[in-house]
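Chain naming follows the written order as A, B, C and D, and within any one chain the residues start at number 1.
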Amino acid sequence: MIAAAVSGLVAAPIAAALVIQIPLLRRFAGLLALLGAMLTLISAVLIAVEVQSNGPQSTFKDWIYVDSLSVVILVLIAVVGVCATLNSLPYIDEDVASGHLRSQDAPRYYSLLMLFMATMVIVPVVDNLGIMWVAIEATTVVSVLLVSIYRTGQSLEAAWKYLVLGSVGIAMALFGTMMTFYASSPLLGEGSQSLAWTDLRAVAEQLDPDVMRLAFVFVLVGYGTKVGLAPMHTWLPDAHSQAPSPVSALLSGVLLNCALYAVLRFRVLTAASAGSDYADDLLIAFGLFSVGLAVPFLVVQHDIKRMLAYHSVEHMGIIALAAGIGGPVGLYAAMLHLVAHSLTKSSLFMAAGSVVQAFNTRSMHRMRGVIKLAPFSGASLIVGALALAGLPPFAMFTSEYGLVSGSFSSGQALIGVIGLLLIALAAASLLYHTVHVAYGEPRPGKTAPRLRGATLLSVSIPLLLLLLVSIAPPAAFDSALRDAASIIGGSE
Amino acid sequence: MSEALASNLIDDFAIGMVIAGIGIIWARSLGWALILIGLQSTLLAGAALGAALATDSTHILAGAALTLAVKSIVAPTVLWLVLLRLRTSHDVQASIGQRTGTVIAIAMALVFGQSLDASPFRTAIGAERVLPTAITVMTMGIMVMVTHRQAIIQIVGFLMIENGMALAALTATYGMPLVVELGIFLDLLLAVFVVFVYSGRMHAIFGSLDTHELRTLKG
Amino acid sequence: MSAIVLGAGHLIAVVAIAPLLNGVIRSVKARFQQRKGPPLLQNYFDLAKWLGRREQLAQSTSYVHVLAPFGVLAASLAASLFVPMFGDNTPLTSSGDLLVLLGLFALARALLAMGGMDSGGAFGQMGSSREMAVSSLVEPVLLISLVTLAVVPGTTRLGEIVAFGDSDPAKFLSVGWALAAAAFAVVLVAETGRIPVDNPDTHLELTMIHEGMLIEYSGRSLAMMHLAHMVKQVLLIVLFANVFLPFGLTGDHTVANYALIVPLIAAKVVMVAVGLAVAESSFAKMRLFQLPDLLGAAAFVAMLGAAVTVLYR
Amino acid sequence: MVFHVERHGAAVVIHLDDPWVNQALKLALLLLVAAPLTVLFPFTRRIKLIFWVVVAASGLALAASISIVISGDLIEFRLWSPSPYAELLVSLDATGAFFAAIVAGVSIAAAVFGSSYAHHSALDDAVLPLFVLSMLLVVAAGNIFAFLFAWEAMALTSFVLVIGDGTPRPRRQAAIIYLVMTHVSSVFVVAAFFVLANAAGSTSFVDMAASPLEGQTGSIAFLCALLGFGTKAGLMPLHIWLPRAHPVAPSHVSALMSAAMVKVGLYGLIRVSFSMLAPGEVWWALLLIGVGSVSAVMGVLYALMEHEVKRILAFSTVENVGIIAIALGTSLTFRAQAAPSLAAAALVAGLVHAANHAWFKTLLFLAAGSVQNATHTLSLDKLGGLAKQMPVTGAAVLVGSLAIAALPPFNGFVGEWMLMRSLIDLVANEGSTSGLAGVAALAALALTGGLAAACFVRFFGIAFLGLPRSEAASHAVESAAPMYGTLALLALGCVVTGVGGPWLARGLGAISAELTGASGLTGQGDEVLVLSSGASVSPLIIAGVLLLLAPMPWLLARIFWGANHRDRGAIWTTGVVHRPTMQYSAASFAKPIRLFFGRLLLPERKIEVHYHGASPLPRLVSYTGRVPALFEERLFEPARVAAIWMASRVRLLQAGSVQFYLLYMMAALLVLVLGVAR
C-alpha cells in the first residue's frame, strides 16, 4: 500500500515528464503535466492518510521512511504543485502568444516542471540523509533550468547565480552530511544505514557532540543557502523574480520548505547529541538576521516579485526563529507558519504573475489600480498580503502569536519582541506597496485583461485552504502538526 | 601495503592537491587551470586509492575510479570543449593580482593547518593533517570562485571545493556509502552539463564568459 | 424655603443694581475725562426705551438670533445664584460651585457669540470671533485664581470659601491670595468688556468686541443683552469684593445681621467699581493682538499664585 | 507534548439554561457574524437588511452590557480555538461591559443613520457588522489571544472601511498611514500584555488581574501599553493617522471610529494600568496627564485651524481623548498615593466623559453626514445658513456643539466638572509634584474649554448661521427621516445624560469598585451628584433654573410693555449692499486665536501682489496661509526620510556580484566554524 503510493508519488511526475517529450503528445503537454501532478497529489494524500492512521511508515528495504513531518512537507508540495501546473496552462500560453517564450520551449518547460516536482517529493520521503542531499541538489539543477527558461540575459544571470551559490552551499551541506556519517559510522558501521535517519535517530544521543556541532554548522550554512536564510539568501530574489510565476510559486512555496526540512532533521540529531541550546541558538540567530535583513529590501522595493521573494526570506527567518525558540508552542507555531506561508506565498506569486502579464511590467510604480482593472487578481493580492502580514483570521496571526508566547514562556522574551517588531515593519511595508498596487488610479487607456478559469482556480484554491486551516483546522491537520512538531522537538 | 605507508601516501597526495590549488590560483591561462584541476583530481583519486588499499574496502576503490573518470577526465574535457567551441581568450581575468592571490593562498594553507585542530578526526589510518588540508583546498576553491571572473574558472573553483570535500570524506570517513557517492557524481555531471549549456548562452548573449556582465539584478 | 427667598433676593438685587453700578462707572469715567457724563440712572431709561421699541431683524436671521438673548440673560441670572452676594451663603449651595459659575458664564458667552453670528453681517461675526478668542485666554486665569482660594479651605463652594476667609484671615491672606487677586483684577477688566481690552463706548469696528455682537440687535432683545452684560459685570465685581475680600460677611441670617452686612458689601462693591473706572481711564486701548501679552501675564501670575499655594500650604 | 489549551471547535452554543445575558451576548455575536451574508441577495440588499441586523445585534449587546455594568458580575464563555495554544475566551466584566455599551450604542445610531445614507458601497455595508463585532470582542476579550485577535481584526475591518475604493489619493494615503501605524503599534500592545502575562504566569485576564505587576517591569509594561493603546486612542504625538483616517470614511463609519474605536483603545489602557498593574510609580500617571494635556490643547487648537467639518470633528476627538487621559492620569496618581476614593472619582469622571463624548461625537459626525448629503461639500467656507434649511439637523448640531463645549446643563459639562473637581482635589491633596501637575492640568483644561467653545461656536456659526456661501448650501434641504430622527434622538440624549449625569455616574459604581476598590461617590439616589470629597453639583437643578428664568423676561416684558413686534429689514453693512462673501470666513474667524497662539501653531502666510505692468495699482492680491502639522513635519517625516535613506544604504549589499555573495556565505561559514573550533 504505502510502497505503491510512494512509487506512484515519484513515478507519476517522471512518467509525465517523459511522455510529454513524445512528439505526438507535445501539444497536450500541459494537460499531461496536470495529470501527473494530480496523480502525485493523490499518492501524497494516500500516504498522508496511511501515516496519520497507522503512524510512521517505512518501505523499500527502509530506503523510504515517512512520518508526519514528511507528510506535511509532502502534501504541501503536491498541492502547490497541482496549483502551479494548473496555473501554468494559461500562463505559458500567454507567454508563447506574447513571444516571451519560444513555442518549442513549452513542452520542455512542462517536462522540467514535472522533474522538479519529482525531485522535490523525493526529499521528504527518503530515509537516507545522503540520498536526501542528492535529491535536494537535483532540485537545484532542475529548477535552474526552469529559472532560465526565458532565454534573456537577466534570467540567465539569475540562473547562473542560483546555480553557483546553490551548488557551493549544497556542497557545504554535503560536507556536513559527511561529518554526520563520520560521527555515526563508529556506531552503525560503514554501510548506508549510517546515514539512515531512523538508525541515526536511535543512536543520536551517542554521536560525538564536537563532530555534530561542526556538522550542523556546515549543514545550516549549506541547506540554509537553499532555505534562503540571510546572508546566504542572495540568489533567492533573483531566481524567484526571474522564473516564470508558477515556478516562482513552487520555488518560494515549497522548495524552501524542502531545504528547511533537511535542516530540521539535522537539528534533531544535533540537539540529541550536543544539547538543543546550541542548534536552537544558531537557528534563532539566522532567523532573526534573515527577518531583519529583509526589512530594508522590503521598504524600498519596486519589483513586485522581488518583494514577494524577500518576504520568503523573511518568513523562512520567522520559521527558523520559531523552531529555534522551540517548546511545544514554538515548534507548533513553526509548522503552522510553514504551512500558511506555502499556501499564501504560492497563491500570491501566481496572482502577481497574472498581474505582471497583464501590465507587462514587474515595477509596482507602473502597476496601479489592479483592483479596478482585474478585480480578482487585485482582491487576491490584497487578501494574500493581509494573510502574509499576519492579520487575523489568517493562520499566520496564530503562528506569530505562538512565536511570541513561546519566546516568553521559554525566557527569550526580548528575542520574541524584537522579532515581532521586525516582522511588523516588514508586514507594514508589504501592505504599503500592495495597497498602492491594488488601489491606485489605473493608467488611462489600460484595458482589463481577461481572467482565465485556470488562473482563478489555481490562485483561489491555496487561499481557500489557508482559510480552512486558519478558521476551522481539521482534527487530522492539527494532529499532523502536533506530531511534526514533536518530531522536530526530538520527542518521538 | 602497510598502514603507515598508506597514511604517508595520503598525506603526500593531499599536500600535492594543495600545491595544485596554489598553482590554479597562480595560473594565468584557463588551459593551465583546467590541466591543474585535472591533476588535482587525479591526485585525489590517488589518495583515495591509497585509502582503499590501506583499508582494502571496495567502495572507496569505486569512489577513486569515479573520481578519476568524472573529475579528472570528463569535467576538464567538457570545460575544454567550451573553450574550443567559443574561441574566447584563454587569459584568466582575476580581480586580485597573481602574486597577492598566491600569497594569500599559501597563508591560508598555513593558517588552516594550525587553527582548525583535527581533534575530532582521529582517522582510522591516522592521517592527521588530512582534514585541515581538505578544508584548505575547499577554501582555495572558494577563493578562486570569489577572485576569478570567467564562468569556466569559477567552475574550476567549484571542482576544487568538491575535491577538498571528497578528500575529507575519503580519508576521514572511509568515504560515503556507495549509493550516495553515485548520486553525488550524477549531480556533479548534471551541473557540469548545465554549465556547458550556460556558458554557450552566456557567450551568445554577452559575447564573453566574464561573470561581471551578470550584475544587472540588484537590490 | 429660605433658599427660594434668598434666590429671589439675589435675582432682584442683581437686576436692580446692575444698571446703577454700570452708571456709576460711566459717570466716574466721565469725571476723569472732564465731562459731565450721563445721569446715574441713564441705563434704566435706556432699558425701558428699548423694551418699548419695535424689534428690527435682518432677513437672514434664524431662531438662534431670536432665542439667544433669553438664553444669555437666563444664564447670567442663574450665575448670580452661585455668587455669595449677601454674606457667606448662596441659594443653591449643594447644586453648584465656582466651576458651575464659570460654566454658566461660558454658556452665556457662547450663546451671545452665536446670536452675534446669526445675521451674517461681518461686524457680528468679527465681534464673536474676538470675544471667543479673548475668553479662551481669560478662562484659565479666572479658574486658576479662584482655585487658588479654594485650595486651602479645600472646597469649591464660594460661600464656604468666604466663610473660611472671614473666620481665618491669617490662613486666607497669603502670597498666593495676593497673586490670585492681581490676576483676577486683570480678568475683571477683560471680562467686563472695558479698556484696554474692549471699549464699551464706541462702535468703531476696529475696537469693538461686545458691541459688535449686539450690532444687529434692537428692541427687547437688545435690552436683554445689555442687561445680561451688566449683570455679569456686577457679578464679577461682587465676586471680587466678597470672595477676595471676605471680611465681616459671616453671621447668622437675621435681618439685623443683614442690615449690618449689606452696607459693608455695598461699600466694597462701589469701591471696586470706582477702582475699575479709574483703571480704565488711566490706560489706553490695546491693539487686539497685544492682548495675549496682558492676559498671558495675568495667567502667569495666577499660575504662580497657585504654585506658591501648593508649595507653601 | 502538552499544551495549556486543548483545542475545541466553534462552540457558540446557546444553552437555554444560561442566564439571559449570556444568551443575548452570544446571539448578538452570531447575528453580527451572519450579517454580511445578507448583502449576497438582491432583495435583502435593497431593503438594507444588514443595517437592521446590526441594530438588533447591537441592541441585544447594549441590553446585556448595561445589565452587567449595573450588576457588576462577570460572564465567561469560550468561542473558538484555532490551535492548541490559543483560544478565543470571552469574559465580560463591568469595565468591559461599559465600553461594550458605548460601542453597541454608537453602532445602533450609526446603523440606523447608515441605512438611508448614500455615501457608501456594498463592501462597506458587509464589513460594518464585522467592525462592530471586532470592537465588541476586544472589550469582551478574556485572554491575550482573544484580545489581540479582535484588536487586529478591528484594525483590518476599519482599514477596509476607511480605504473604500481607494480613490481619491488622500483617502488611500490616510488608509495606508492608519494601517501601518496601527500595525506597528500593536507590537507594543503584544509586548505589554506578554510582560504582564509572564509575571502572572497566565494569559487569562482574570488571572493577570489576580496578580498585578509592579516595579521596573511594571514600568516597561505601562510604557508599552501607552505607546500601543495611545496610538489607537489618538494621543499626541501618535495621533497623526486619526485626523486623516476618520474624516475620509463614510460618516456613520467615522462616527463609529471616532466615538467608539478610540474608546476601545482607552479601554486597553484602563485594563492594563488599573487591573493588571499594581498601584505603581507616580510618574506613570504624571506622564499620562502630560500627554493628555498636550493632546487636549493642541487637538482643539488644530481643530480651530481646520476648514473641513469632519477634520474639525476628528481633531476634537483627539482633544477629548486627551481630556479622558487626564482623568485616567489623575486617577492613577491618587491610586499611587493610596487615595482610592479620590481615584475612583477621577476614574468615573473619565468614564462619564467617555460616554458623553460618544453621544455628541456620534451626533456631530452623523450630522456632518447629513450636511454632506444635502450640500455635497464639507468645507466650512462653502456652507452657511443651514439652520434655516435643515432645522432638525441645525438644532441637533446646536445642542451637540453646546454639549461638546462642556457647557451646563448639557452632558459634556458633568464629566468635565468631575474631572476639574478631581484635579482640584489633586492640587489640595498632599504631594507637591502632583499638586503642580494638577495646577498645570487645570490650566490646560480651562484653556481647552475656552478654545473648544470658540471652536464649536465657529463650527456652528459658520456652517449653520449667517448666509449660504455657495449655491449648493443655499439649496440644501433637510435629510431623510431615519437620518434626522437619529440626530434628534442623539441630541435628546445629550440633554438627558446631561441632567441625568448623577444617576449615570452612580451607575458606574461597580466599575470603580472593580478597578479602584472604592466608590468615588457618596450621594444617595437623588438629583445631586456628591463626590467623596464632599463637592456636589446638580445639573438637573441648574437646568431647571435656566428653564425657569429663560421665559421670565418675555413674560415681564409682555405684562408691562405688551406684545413684541418684529419686522424684518436689511443687515446693517454701513450702507453698501450685503453679499455672502462679505461674511467672516472660517479662516478669518480663527485668525485672532491663530495669532494669540502663534508660538504653538507656527502659522505660515504668503501674500503675493501682482501689478498691471508699470501701474502702481495691484491687479490681484493673493493670500495663502497654512498651519503646519508640527508632529508630522518635524517628527514623523524626518524619521521616514531617515529610514528610507538607511534602507537604500543597506540595499547596496545586494549589488549583483556573485563573487560578493559567495563572500557573504563564506564569511558566515568562517565565523561559525572558528566560533565552534574554539
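A few notes on this one:
In this text, a contact is a pair of C-beta atoms (placed from the backbone, for glycine too) under 8 Å apart; a residue touches a chain by one contact, two chains touch by 3 or more.
What you see is a predicted model, and the numbers here were worked out from it, not measured in a lab.
Each of A-D and A-B has its own count of C-beta contacts, and the greater count is at A-D.
Using the mean of the Cα atoms as each chain's centre, the chain most removed from chain B is C. Put simply, the C-alpha centre of chain A and that of chain D have 44 angstrom between them. Between the CA-based centres of chain A and chain C the separation comes to 78 Å, rounded to the whole angstrom.
Centre-to-centre spacing of chain A and chain B amounts to 31 Å, using the average Cα coordinate of each chain.
Chain centres here are Cα averages; for chain B and chain C they lie 99 Å apart. Touching two or more other chains at once are residues 651, 654, 658, 662, 673, 677 of chain D.
With touch defined as above, chain C holds no residue shared between interfaces to two or more other chains.
Shared interface positions of chain B, i.e. residues touching 2 or more other chains, are given as 142, 145, 211, 214-217, 219. Remark: the chains found to touch one another pair up as A-B, A-D, B-D, C-D. Contact residues on chain B toward chain A in their complex (touch as defined above): 57, 59, 119-121, 138, 142, 145, 151, 154, 158, 161-162, 165, 168-169, 172-174, 176-180, 183-184, 186-187, 190-191, 194-195, 198, 201-202, 205-206, 211, 213-217, 219. Interface residues of chain A, counted against chain B in their complex, comprise 128, 130-131, 133-134, 137-138, 141, 144-145, 148, 151-154, 156-161, 163-164, 167-168, 171, 174-175, 177-179, 181-182, 185, 190-192, 194-195, 208, 210-211, 214, 237-238, 241-242, 297, 300-301, 306.
On chain D, the positions that touch chain A within their shared complex are 1-3, 7, 9-10, 82-86, 144-145, 148-149, 152-153, 155-156, 163, 165-167, 169, 172, 175-176, 179-180, 183-184, 186-187, 190-191, 194-195, 197-198, 203, 643-644, 646-648, 650-651, 653-654, 658, 660-662, 664-665, 667-669, 672-673, 676-677. Residues 11, 51-52, 54-60, 62-64, 66, 69-71, 73-75, 77-78, 81, 92, 94-97, 99-100, 103-104, 106-107, 109-110, 113-114, 117-123, 125-126, 128-130, 132-140, 142-144, 147, 150-151, 154-157, 215-216, 219-220, 223-224, 227, 288-289, 291-292, 299, 303, 306-307, 310-311 of chain C touch chain D in their complex. Within the complex, the chain A residues that touch chain D are 160-161, 164-165, 168-169, 172, 213-214, 217-218, 220-221, 225, 231-232, 234-235, 237, 282, 293, 295-297, 299-300, 328-329, 332-333, 336, 369, 371-372, 386, 389-393, 395, 397-399, 401-402, 404-405, 408-409, 413, 416-417, 420-421, 424-425, 427-428, 431-432, 435-436, 438-441, 470-473, 478, 482, 485-486, 489, 491.
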